[in-house]
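Labels run A, B, C, D and E following the written order; every chain starts at residue 1.
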Amino acid sequence: MAAVGFLALWAWLAPGLAFLLLALIVPLRRSGKPAAWLSIMVSLGSLLAAVAAWRSTVPDMARRILWEWIPVEDGVLTSVGVLADADSLLMLILVALVSFLVQVYSLGYLSDESPASLGRYYTYQSLFAFSMMGLVIAPNFVQLFICWELVGLCSYLLIGYWYPRPEAARAAVKAFWITKAGDAFFLIGIVMLWNRTGTFDFAELFQLARSGGEALAGLGLVTFFIYLGAAGKSAQFPFHVWLPDAMEGPTPVSALIHAATMVTAGVYLLFRTAFLFEQTPDVLAAVGWIGAFTALLAATLACVQSDIKRVLAYSTVSQLGYMMAAIGAGFPAVGFLHLLTHGVFKALLFLAAGAVIHAVATNDIHAMGGLARRMPQTFVVFLIGTLSLAGIPFFAGFFSKEEILGAAWAGGLTVPFGMLVVAAFLTAFYMFRVVIIAFLGDPAPAAAGHGAHGPAHAHDAPVIMTLPLWILAALAMAIGIWFSISHPEVEFGPPAWLTPLAVGVAVAGIALAWLVYRRRAISADRLFERFAWIGEAAVERFWLDDLFALVYRRMILGVAGAVGWVDRYIVDGILNVLSASTLTAGDRLRRIQTGQAQDYVYGIALGVLLLMVWMRWPR
Amino acid sequence: MSLESITFWGLAAVLVASSLAVVLTRNLFHSVLYLAMSLTATAGVFLSLDAEFLAAIQLLLYAGGVVTIVVFAIVVTERLVGDRITQTSRQILTGLILSGALLVALLVVFRRGPLTVPRPAMIGDLTRAIGESLLTSYVLPFELLGVLLLVALVGALYFARPDD
Amino acid sequence: MASFPVLSIITWAPFVGAILIMFLARRNAALVRWLAVLSTSVSLVLSIAVYAAYDRDAAGFQFYEDFPLVPALGINYQLGIDGMSLLMVLLTSIIIFAGTWASWTVKVRSQEFYALLLVLVTGVYGVFVSLDLFVLFLFYEIAVLPMYLLIGIWGSSGEVRPQGVFGWALGRTGVGTKEYAAMKLTLYLLFGSAFILVGILALYVAGDSSSFSFLEMELTQFDPTLQAWVFLAFYVGFGILAGIWPLHTWSPDGHASAPTAVSMLHAGVLMKLGAYGVVRLGMGLLPDGTLQWAWLVGTIACVNIVYGAFSAMAQTDLKYVIAYSSVSHMGVVMLGMATLTEVGLNGSVFQMFAHGIMTGLFFALVGLVYEKAHSREIFKMSGFGRMMPGIATAFTIAGLSSLGLPATAGFVAELLTFLGAWQSAYPWWLFPGVLGAYLTSVYVLRVTKQIFWGPPSTDPHFQHLPDARGPEWAALWILVTTIVLFGVWPSLALGPVDTATMPLLNRLWVLQ
Amino acid sequence: MNGLSVGGPLGLEVGLAVLMLLVFIVGLVMPSEDRRRVGVLAAIGLVILFGLAWRTEGGTEMFRGALVQDELALFFKRLFILATLIGVLASLPLRAVAFARRATEYYLAILTSLLGMLVLASARDLILLFVAFELMSIPLYYLSGFLKREPEAVEAALKFFLVGTVSSAVLAYGLSFIYGAAGTTDVRGIAAAVAVGHPMMLLGMLLALGGLGFKIAAFPFHMWVPDTYEAASTPFVAWLSVAPKAAGFVVIFRLYLDGMGDGVLFWVPAAAGLATVTIIGGNLMALPQQNVKRLLAYSGVAHIGYMLIGLAAVSANGVAMMLFYLVAYLFGNMGAFLVVEVVSQAEGSEGLGAYRGLAQRSPILALCMLLFLLSLGGIPFVAGFWAKLYVFWAAAEQGLYWLVLVGAVLTVVALFYYLLIAKSMYIDAPARRDPIPVAPLLSFCIFLCVLGVVIMGLYPKPLVVAALRAAGPLF
Amino acid sequence: MTLQAYLTLAAMLFCIGLFGVLTRRNTIGILLGIELMLNAVNINFVAFARFLGDVSGMVFTVFTICITVAEVALGLALVIMIFRVRRTAVADHLDLLRG
């Protein structure tokens, strides 16, 4: 079974190789299309390797390949390598798959870019694939952290892909700074953990946890810090503010990084290190609470967005909250399952949205309308994604979402359970709001001015873009159907009313959206007024972005300004005072040199006298 | 009170008084005259210390020579300036404090010094002894003194010559 | 290799180059440059060879050379290299080699420029390889002095408005001008060397071997009180060069005013020389003193990290940002050594190397930007990424290393340092350290965003700026490759370093 | 008279006297318009004398030990002759009329002063010491006013004279107490009186230290120095800044250290205190100077302070290191003054501005000046570094770490003003581009000084050995 | 009379001379002050010599007196020179060189 490890290794290293080639061979990168194809082919190979590896696994088997990375006197501080087991390989497949599809899709989406620019894009993509896979199969915290940071870097680079646009530039650094803040805590957590246990290795830590030794007692702070890292990356409240802004990046990037893979890394981390978190139930509870709250909060926010990508972004935040809630409830596998399904359908949604944006050249749903007729394929796949997300039976999200609700209930998190239910309702509502406004209805009149790219002239994307859509849609359907048929065993017994409840709130959400936006039975404005207390807050994003801006401007930059001033005018000032005083002292002292001979005699007489005094004379 | 002490105190009084006059008189010419008086009194002090030869040198070289050159210098400079040289003093107070402090310091040292040595009897002819040692053990300084006087003379001449 | 004086050749090759330049290359700028490249590449090649040939199992000082200089006083020209100095020599070679390429465009009085630069480098090498404290001090002084002329002649002036309670003093000293910066740097560092000298003399007098040899002093047990004082002297003396707070203010002014290659060398190597001095002389000779003062060293280091980062953020002049970032990063170096742990000290040494390369790259880039745009004002520049993608990429990589992003050398260093900090007697040191790393990400990316991202500038001065060219690429490639190589494969450096730090720490731990 | 022969204890002095006589006679017969050749004669004579000094063996004495030719005396005599030789050589190209017409007086005065120094180096009797001291001093007064048509020069001479005479009086007054306490004019009688702590002796010693402090120009007895240096002709100043100060030190060695045994420890606070104020005072006052000669004058004061650190060490090492320092100072300081002379001949100014862009006009000259400045500043590979290091080392041996620190820190202040000159030469742009003409003799002297500075910097060992040997007889 | 008395007398004379040097404005006046100081030195030497019964102090005095004369001669020549060049002999006015 050694092949499993090596297959995984190759799946991981192949994109790295592609990245190196693209980064180092400048003409290749500048050539655009060839660079893209290189990257795509490599990621296809990577996908195949991952699938092959997964196919040859057996349950409860983990394969490790390690190389020494940082040596110390008596051995190895940390190593790098591969930890291939069923979970990581499944995740690996997801990453490889979405990555491959997105790369294919991008070829069409970014067809207007210059070759050099396109080459740059695929370089980043390769790097991302490499980093993300490294994260997935990381055997220890250090490698995980390394890749964790690298995917953050890729996110930064890809959000800022259109760097001349000020919004893109701002969003890129914002994303980086906020996730990095979480990472800082993550690092602290790792450091503390190492000091306690002397290892970074998951397997060794797992053994420690199983043996229940003293070594793992009182890990609360450690796991909490690790969780903060995950919260930053997985956009948990209050770190979620970066994710909607990250939509400034190209849409395929959003699909890959900010929906399917990178943002789920936090969830994956918690899933992966669940054995540690189990030691600290308090932290787990906090994870659950925050997750549920995030889910609800983001769902509210999604309801008032008019930017299609932002709706999807908040929905991602919301879904991440679900996953976290499941883990917090003590059922990490459930969260992981939702991670996988969400990865598929959210990528689908984003790519479909991308196709729309590509066609109509705007993100504003109110500027769209009636696209179902002009872009039927896109409409279908978008609808599939939406139904999945809403948790309608026979679609991918149904089973996993229901399980999360059940997990929350079973985990005793009653209030979070309530929040999740409300969020589920809102999810169905806001998604159908988008579907109805953008795809059904009438084309927006204002769009006439958009010329060839207006909704009126929109048409389905070329094959290279629709093919990935269809693949993902099929997959979402397949997963949904497969789960519905097989109904796999779960660890907990969900209450019987759960399925009706889940389906019920979803349908209710859809119905409300239908009533409001399609039938206009209920005025949208009235509805908004009714919920003004929360609606306005949601429009203002609960002032969280303002809060972060305040912290940045007033606190960080403010303190920086103060420190900079102090450094220049006080610390350095004192030094200058010393030197200026020395100069002045010289100036003053030379005044004793009056030029008059008698004063010089004074010097002699005084000198003799002082000499006598100095020698303690008379003794 | 012995004759010796009366002589000493008398000389001391004259010496100090004339010295003070040297540094306090406004008229420079009078200063010089007081200096001559002071130097003469010093010669008296030398006599009281049985140093007749030195007293003689003192009178000849100092009271005679120095005072003469100084007077000469005054005359020359007065001619150059064109009016009588009166002189004032500067910073009298600080000068007084500083020299007073030095005096106090010296006197304090004297108080604790082993200075109560008895005055030994005279050892033969002092003048002869001085002469002998000048030409034996101190012949080198004596020769150098000659060079010194020569070079001082050359220097004084260099400045005093009005030409080139 | 024992008889072949390879360390001497590494050390003196630049000096010979300087002399050749002074005598052979009168008014022939091209010859000057090629001579400089030649002499630095001799050092570089030999450094790499030494690095490869260093026997990691034997450890200790190797490539030993010894030649009596003033036997009466126990002064010997004694050279040797261990895992730590090995890395530092390599760093020096890389930086100066790149620096020579990066200053290809120095046109004014280039003969003197390169000659001084190379003399300076000899001093730097000398400090790293000499085992005789006295000779070390000699080299130290050589490494400091040429800086005055290098900054004074080829530097550039900035603008600082004197204000605040001490404005009068700032006005009097002429703050902001290159002359001011040159004088400040030189005098401040020489001020530090006064303390070093006193310390060395004290050890020499107190030791019974009447020799300045490090190897012999190492065997001497000095009185703990003496150790405390001498350690303090070394800490202040070398610490000034390492930019410890609040004695760091020479560094921003000096580095901002210096010409490119000099900033590279100074921030990249000379500041390490200070840290190296503290480790080698302070920790190496004075275990008791180290234990007594570790709390101070670490605490000041924390101040450095956070304070430097905030100060960097406040700057509007690009060079000042980089200069303050050095202050911040040197805090990491000092923090690592203060932890008195294996990982911490290894991290510290690694950070010396990492920061050296990284800041060298930074200054090379800033120099290029300045050379092309004639501006250092961050907020006047915008959208340069379109015109100079190469520079932008390299700048980003340097920035990433600076904020401790994995796969760059900076990450390994910071990780190790932080591990050490939490392991040390003062675990709270970890937090300022991490905070500093975070703040670094804020100011570095802010600057990157402002200069290279965003819409292209409309300022007519900033149109059609070229990217890096021929020789400049050489500098950038060398440095970028090194950053990434050591970030991906840290054991390349950590292997030898560990052999040098462990004996040192063992002596300390015995006392604890 | 065996002692007067070549190699005898008075051989050099006699040789010098013969030279003086020759100069005097030749000067008389020469045409009065240009007697410059006299200087050549003096120079040749000094070369011969210098050769003789190398051949002379130490360890002889005359007048029952009142005159001793030990290693210390020989060291100083060689130093005096060398300094005088450089001074005379550098004086030859002087242009002022006075130097042509009155060359006899000029060189005779210098040689007379040298005679005083030579005797002083050997003198171990108070009378001989005092007379030699005055013999050395009196010519200096009028040499400094040699340009008698220039108001500054005469003013400087008068100040020098007045202050100098007062300090002579103080010295003589001190010597009288020493004599009174020791009961003899023999220097070797001092030790006993110091050992019993005779108050008169200590008083005398302190007063004498005040008088000598004038000669070596220690703060606050230094005040004549800047004025005199600024106004007098530069080659003379170059010599004045070295030789008489060295002579002052030899007197200090003889009076305060020679054969003193443990009594030397009594002088540590005095020397350390003087050293401290001198270093601080000299360096601070040099800071604001714009006239390079004046600046060098103050820096010279500071250097005396550093030498006093060596004295404060009161050990054979300390004295030896001071001797080393003196030689380093000789080359560095004389060299610097000679460059000042070259520049002022070309530019007519001694201000800092005259040095602007010197490195681009005359790179070699600028490099020489830089080397001198670095040596004075105590930078490695030139003589001054070892000098400073050695005195610090000697002081550290005595545990005077604070003094070492003061000295080392104030070195930084000193470097400030040295670097200001360097800045002018190297950083500032020149007003003109033409090279500065250098008289061949001057360039020879400068070359000599550079050679000294560099060789001592690279290979200090022989001189250290010599200095240690010279300091040996004192302890 | 005791030695102390002579020494005290000399000390007073010395300080009076110093006072003169410090306060007189005319350079010739200053010279007179110096004369007084040296005179004090002579008294000291002679007194010590007498009380020690040793002749060398007296010899010293001979030298001092001669040297003093030489100095005065040179000094006065300088004063005359100053008069020629600067038209003044007031020491306060001689401050071209300062600072």
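In this section, a contact is a pair of C-beta atoms (placed from the backbone, for glycine too) under 8 Å apart; a residue touches a chain by one contact, two chains touch by 3 or more.
Predicted model, so just to flag it, every value in this text is computed and none were measured.
Traced through touching neighbours, the fewest hops from chain A to chain D number 1. Using the contact threshold fixed earlier, the set of chains in contact with both chain C and chain D is A.
Taken together, chain B and chain D share the touching chains A, E. Chains joined by the most contact pairs: B-E.
Among the other chains, A has the CA centre that is most remote from the centre of chain D. In terms of Cα centroid distance from the overall Cα mean, chain C ranks first. Of all chains, the one whose Cα centroid sits at the greatest distance from that of chain B is A. One finds 7 Å separating the Cα centroids of chain B and chain E.
Mean C-alpha positions place chain D and chain E at a centre distance of 26 Å.
Between chain A and chain B the centroid-to-centroid distance comes to 101 Å (mean Cα coordinates, whole Å).
Centroids of chain C and chain E (each the mean of its C-alpha atoms) stand 63 Å apart.
Looking at chain A, one finds that residues 583, 590, 593, 595, 597-598, 601-602, 605-606, 608, 612, 617-618 touch two or more other chains. Of all residues in chain E, those touching 2 or more other chains are 14, 17-18, 21-23, 30-31, 47, 49, 51-52, 56, 59, 63, 67, 70-71, 74, 77-79, 81, 91-92, 94, 96-99, listed in ascending order.
Touching of two or more other chains is recorded for residues 90-91, 94, 98-99, 102, 106, 109, 112-113, 115, 138, 141, 145, 148, 152, 155-156, 158-159 of chain B.
Here, these are the chain pairs in contact: A-B, A-C, A-D, A-E, B-D, B-E, C-D, D-E. Chain E meets chain A in the complex at residues 18, 21-23, 30, 91-92, 94-99. The part of chain B that touches chain D in the complex is made up of residues 106, 109, 112-115, 137-138, 140-141, 144-145, 147-148, 151-152, 154-156, 158-159, 164. Within the complex formed with chain B, the chain E residues making contact are 1-9, 11-20, 22-26, 28-29, 31-33, 35-36, 39, 42-43, 46-47, 49-53, 55-56, 58-59, 61-63, 65-74, 76-81, 83-84, 87-90, 92. Residue ranges of chain D in contact with chain B, taken from their complex: 10, 17, 20, 62-64, 66-67, 97-98, 101-102, 105, 108-109, 112, 115-116, 119, 125, 127-128, 130-132, 134-135, 138-139, 141-142, 145, 148, 198-200, 203. Contacts from chain C toward chain D in the complex involve residues 70, 72-73, 109, 112, 137-138, 141-142, 145, 148-149, 152-153, 179, 182-183, 186-187, 190-191, 193-195, 197-198, 201-202, 204-205.
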